[in-house]
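The following blocks contain the structures, represented as structure tokens.
Presented sequentially are two complexes of chain A, the first with chain B as partner and the second with chain C.
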Partner chain A sequence: MTFVYLLVFGFAATAILGLITSWIDRKVTARVQYRVGPPFLQPVYDIVKLLGKETVIPAGASKVTFLIAPVIGISGVIAVATLFWVNQFFSEGFMGDWIVAIYLLAIPSLSIILGGFASRNPLASLGASREMKLVIAYELPFILAALVPVINSHSIRLSVIIDSQAGGVFAGNISGILALIVAILCVQAKLALVPFDIPEAETEIVEGPIVEYSGPGLAIFKLMKNMLFFTLPFFLIILFFGGLRFNGINILWTILEYVGIVAIITVIRNTNPRVRIDQAVRFFWGPMTLIAIVAVILASKGL
Partner chain B sequence: MSFNLIIDALKNPNGFFASNPLSLLCAAFASLFFVLIVIYSLKHMKGRKGVWRYYIYTIATYASTLGVLFAASFLILLIFWGLLGLLLYLMIAFGRKEGTPAAARKALIIVGATDVLLLFGIVLIWKITAGSSGFQGLLTMPITRSGIPLAGTASIIAYLCFASAAFAKAGAMPFHTWVPDTAENAPTPVTAFLPASLDKLLGIYLLARVTLDVFQMTPTMNTVLMAIGSITIVAAVMMALIQHDLKRLLGYHAVSQVGYMVLGIGTGNPIGIAGGLFHMFNHSIYKSCLFLAGGAAERKAGTGNLAKMGGLVKAIPLVFVTFLIASLAISGVPPMNGFASKWLVYQGVITSGDSLWVLWLIAAMLGSALTLASFMKLIHAVFLGQPSEGVKKILAEKKGKRTGLSTAIPLVVLSTLCVGIGIFAWKIPFAQLFRPEIRGTIDSPGIWQSGTATLMLIAGLVIGYLIYLAGTLKKARVVAPFVGGETLEENPDMRVSGVNFYKTIMELGLLKSIYRWAEKKLFDLYVVAGKFVAGIGIIFSFMHNGILSRYFLWFIIGLVVLCIVLI
Partner chain C sequence: MSLKLKALLKSPWVFHLSTGSCNNCDIETLDCLTPRFDIERFGMLLVGSIKHADVLLVSGSCNRMSVERMKELFEQVPKPCLVVAIGTCAGSRGIFKDSYNCPVPLDKIIPVDVYIPGCPPKPEAIIAGAVKLIEKVGSTL
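Right after this comes the complex of A and B.
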């Protein structure tokens, strides 16, 4: 029974917060571009509208793979979000640790790639291959940056990482700040937002891997992306800000941290042009990895 | 009557054979693979000339494997070990009409050369432990828990000799180069049987026995092992990214995965060693599944060239599903079995206390992402994506989607094991089975409740399905893919095969030159050694060119040198 509660909470809370985050993102983007922006419930309307649209399957494609890919993705997000929520609330730890989190976070990208491959569309193939290259590009600095809290807290259990920041958050150290910068940029790429929206690149390969998706399939992909938009900042808050805190004034801090991370991501996405895939790989394997290595060295020195 | 004879032999009066939990488990897996490979071969090898010889080789290989696993003395081990090298040569060369393929020769030379090192290592151990017991002592020297400290030069050299033999068998760097060549040229069941499963079991079994029992490891040697493991993981998977041949690509992965096992054993703590050994079993399951499924796809398409495949999922859906499961397992996607063992290895690395642990951890985790990348390329190029002209003809023939039983049974069994072992990793105390070998209890610093996580993923699948039900799935319409207004079928040039997916990465700064060197085979010990020997030969052929004046010159020079030395 506990399991059902966990699941409902993990899914429902993440979906609602994800949709809100997506609304914040769109509203800020609109304001940056001198537009009014959508109403608060617009992300929900979008999902509901898509559910009513027709399902179109590309001819000659593998139907089952094509239709199951979004489902795999959303199940990965639900699992990883529940993992974070549970470790947030139960200090003895549950289900998985830091390594599990990193691996589960790869499942959404995997699902987009599989869906793109199954579309039998050259544009989708190109987009999916770019997504894969982007994954191997950001994974290196992301793992390094995410290692900093592990080194600081001497544990790979997420609940221990949260508890050990009760005295002071890791974002307060110099190593933590460096790692946080790298991690935010990696999250930008994980969400495939500008300047790293290379896999989708509407203007050249028309949404890449999801070009063939419509109706419920697209709705699931959109919902998955919205949920990721909450889950990834949540992961950063667990790693660098000691998780969500609900006691007294800390509520305000938690909200500020969360909105702050989302705002940074949104501002970056609104002020940069799209880069090419080789530039992205160079960027992540070059400067980002260097900064992350410096952060790891500083962290192992106790700074 | 004969049954009693077997019982008597198994009672083992002369003490030639002995068993321990690890060797029993290895033997169980070897038997499983033997049965599955024979089933697969029934169809795959049908109609080849002299196929009875192939089955004799297979049975002999299986018997020799058991011989190595249960050998009680070093000499018995060496005999069966050498026999396996010879059988490998015969099996790679099987079915060739014109002479022996270069791959078989290469495998024989690399494995044979390290057999000599193995013999040398055994002699050194004999010298260290019982130098005075005479030649008789060498013949009956048992493999025991002697715990020779790696203090002197002799013991270090002896250990390195054993490690080289193990690395060559398992295919770890720098003795790996025979594996991709074999994978490309040998018949599929041979590759799935030897380099993918049995040779891994044997090589890592020897490494584990030698590392844990015969010698006592030092932190330096552990670091060396971990470095070899990490380099093997990353370098081999980088080579796999750019391959054009289905089985050659898989061959590079057979090398890369050994890195995790060596890394795990090199951590020197119980959890890492358990992870390394667990990975050995998991690897042999999913890698043989991948080779067998790849072989079935190759048979269907009539070629192993990735550029000429694609879209095969419509012809062989079952093979695709098993291939997908196995490739998720090898990439370590939870909750497959590959993740369970990699997770143990990572924890071993984190708790190893080695000063460079971050480097080894990053190499291993990045290696996992790169593995996923190269398998995505493979899945696109072989099964999904747009079909090539050749595959379109196969699809048009409509021979039916049925996969033959002799192909289906091994694939289904192996892919079920991939999922099952992964989900029940916490229920099956695999590590407990060979715990005496690890010495010490496994206390994990992390958490992985594979059962709960699997339930969570299944629940996620159900939620996704419910969303579909809420939508318009029933009224789905099939429409031609949208390619910017063009028609895909009329423009075959628009096909993306996937072979060049990672060309961008290949042309990146330093990587570009490394890849160029690799293509010139500068990292191939076999080729480099061959060139070295040929280089020495050039000196001699320069001296002995048959021209009288040249010989006269040597004569004068020799005389002068002689005079100077004497006077």
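Right after this comes the complex of A and C.
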């Protein structure tokens, strides 16, 4: 049964929704720039094409680490997505909790760092070290912001967090709104999108850690990014909007919440220039952490 | 094999290589990505890394210094890959035909799939060339 959860929900559903999300992102970006944009199946074509390409392993690279890094990353995303889907729909078996989710969500970034350092390319090493600094920067405010729903619902179990929002969502409180703002900006950095695409700045250090990847390795990294693009907004919906709801009119609300979060992320990405790594660290450790701490204090006072 | 090429024709990622051109062809190539022409509607993207590329866009007259680099890059492109020669220089060396510095034309060094003539070619011509490339490779499937 666990296997079915992993394959059907963790992989298939997440991958399909992630590819659709990435198409929405590209199409909205194109429309913002007054372009037509790619066709609907474009992300699928990209993945299929990359799977059929040759894998070039750079001379002197650490072969095993180089090849295994994308697999580690996508396994992390599949595991965490399965966790969310299971908490959403079922109530028996291993449910996992908030701590497991936070832990698993760090694995994709770690796999990118691993792959970058293994590929023996100066640009990849530079990108990987930037990614490392970025992880250190955003994890603190992200964990603080994600702590607010835990304080509000007095439980670290995700299913309890979802159930305790049946009366009113946490995004309706002052603490919830503050935490949601911080969390969306941290998700922006977790997805490495502009303005926090410092690790893979395309015009500066050509795609950073994944510069040496080609063929299936690159396809898995792209798929991982796309799946993360679905999984992280899903996590925010679980934490702040009471999970996906499919009864009656609520299905419209769910779609609205999801598309809304994706649209906010895309609009931030399209209207901002890239910041430097020191600016990003200062931004996350300064204002973002302060807002997150205020949110946590407000939540512990019951606001 | 055919699925590979079919998917490749739906999303050809382009790497842009100048072998000593005067930059006019490069500017016109970048023009294709602007909102007016928007080549992303064919799934084409300009990539920064040669390892991500499917199509090698070569402009310029292949002078002695850059030919070595071009050969190295052509070996690094993950196969299958296609090569497009942009501009008169890349097609036939143009006014540099008798130059001491450009002894061999591009298509004697690496196999070229499509030539786009012009000095520089208009963005419309480059898009027409891209469509011809897709038709040519698609008809061999």
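By our rule, the second predicted complex is superposed on the first by the 294 of 303 C-alpha atoms of A that agree within 3 Å, B and C clash if a C-alpha of one lies under 4 Å from a C-alpha of the other, contacts with A are read in each partner's own complex, and residues count from 1 in each chain.
Just so we're on the same page, contacts are C-beta pairs under 8 Å (C-beta built on N, C-alpha and C of every residue); 3 or more make two chains touch, one makes a residue touch a chain.
Keep in mind the model is a prediction, meaning the values are calculated, not measured.
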First (chain B), second (chain C), both or neither touched by A:T55: both
Partner chain(s) touched by A:A30 [first = chain B, second = chain C, both, neither]: second
Partner chain(s) touched by A:D46 [first = chain B, second = chain C, both, neither]: second
Greater chain A contact set [chain C / chain B]: B
Partner chain in contact with A:V135 - chain B first, chain C second, else both or neither: first
First (chain B), second (chain C), both or neither touched by A:E212: both
Partner chain(s) touched by A:G96 [first = chain B, second = chain C, both, neither]: first
Contacts of A:V71 with chain B and chain C, given as first, second, both or neither: first
Overlap of the chain B and chain C footprints on chain A, listed as residue numbers: 52-56, 206, 211-212, 215
Residue ranges of chain C in contact with chain A within the complex: 3-4, 7-8, 10-11, 35, 38, 40-41, 43, 47-49, 51-52, 54, 76, 78-80
Chain A to chain C touching residues, read off their complex: 26, 30, 33-39, 41-42, 45-46, 48-49, 52-56, 202-203, 206-207, 211-215, 218
Chain A contact footprint on chain B (complex, rising order): 311, 313-314, 317, 320, 332-334, 339, 343, 346-347, 350, 358, 361-362, 365-366, 368-370, 372-373, 376-377, 379-380, 383-387, 445-449, 452-453, 455-461, 463-465, 467-468, 470-473, 475-484, 488, 494-496, 498, 501-502, 504-505, 507-509
Parts of chain A lying in touch with chain B, wherever the complex brings them together: 3, 7, 10-11, 50-62, 65, 67, 70-72, 74-79, 82-83, 93-100, 102-104, 106-107, 110, 113-114, 117-126, 128-129, 132-133, 135-136, 139-140, 143-144, 147, 150-151, 155-157, 206, 211-212, 215-217, 219-220, 223, 277-278, 281-282, 285, 296, 300
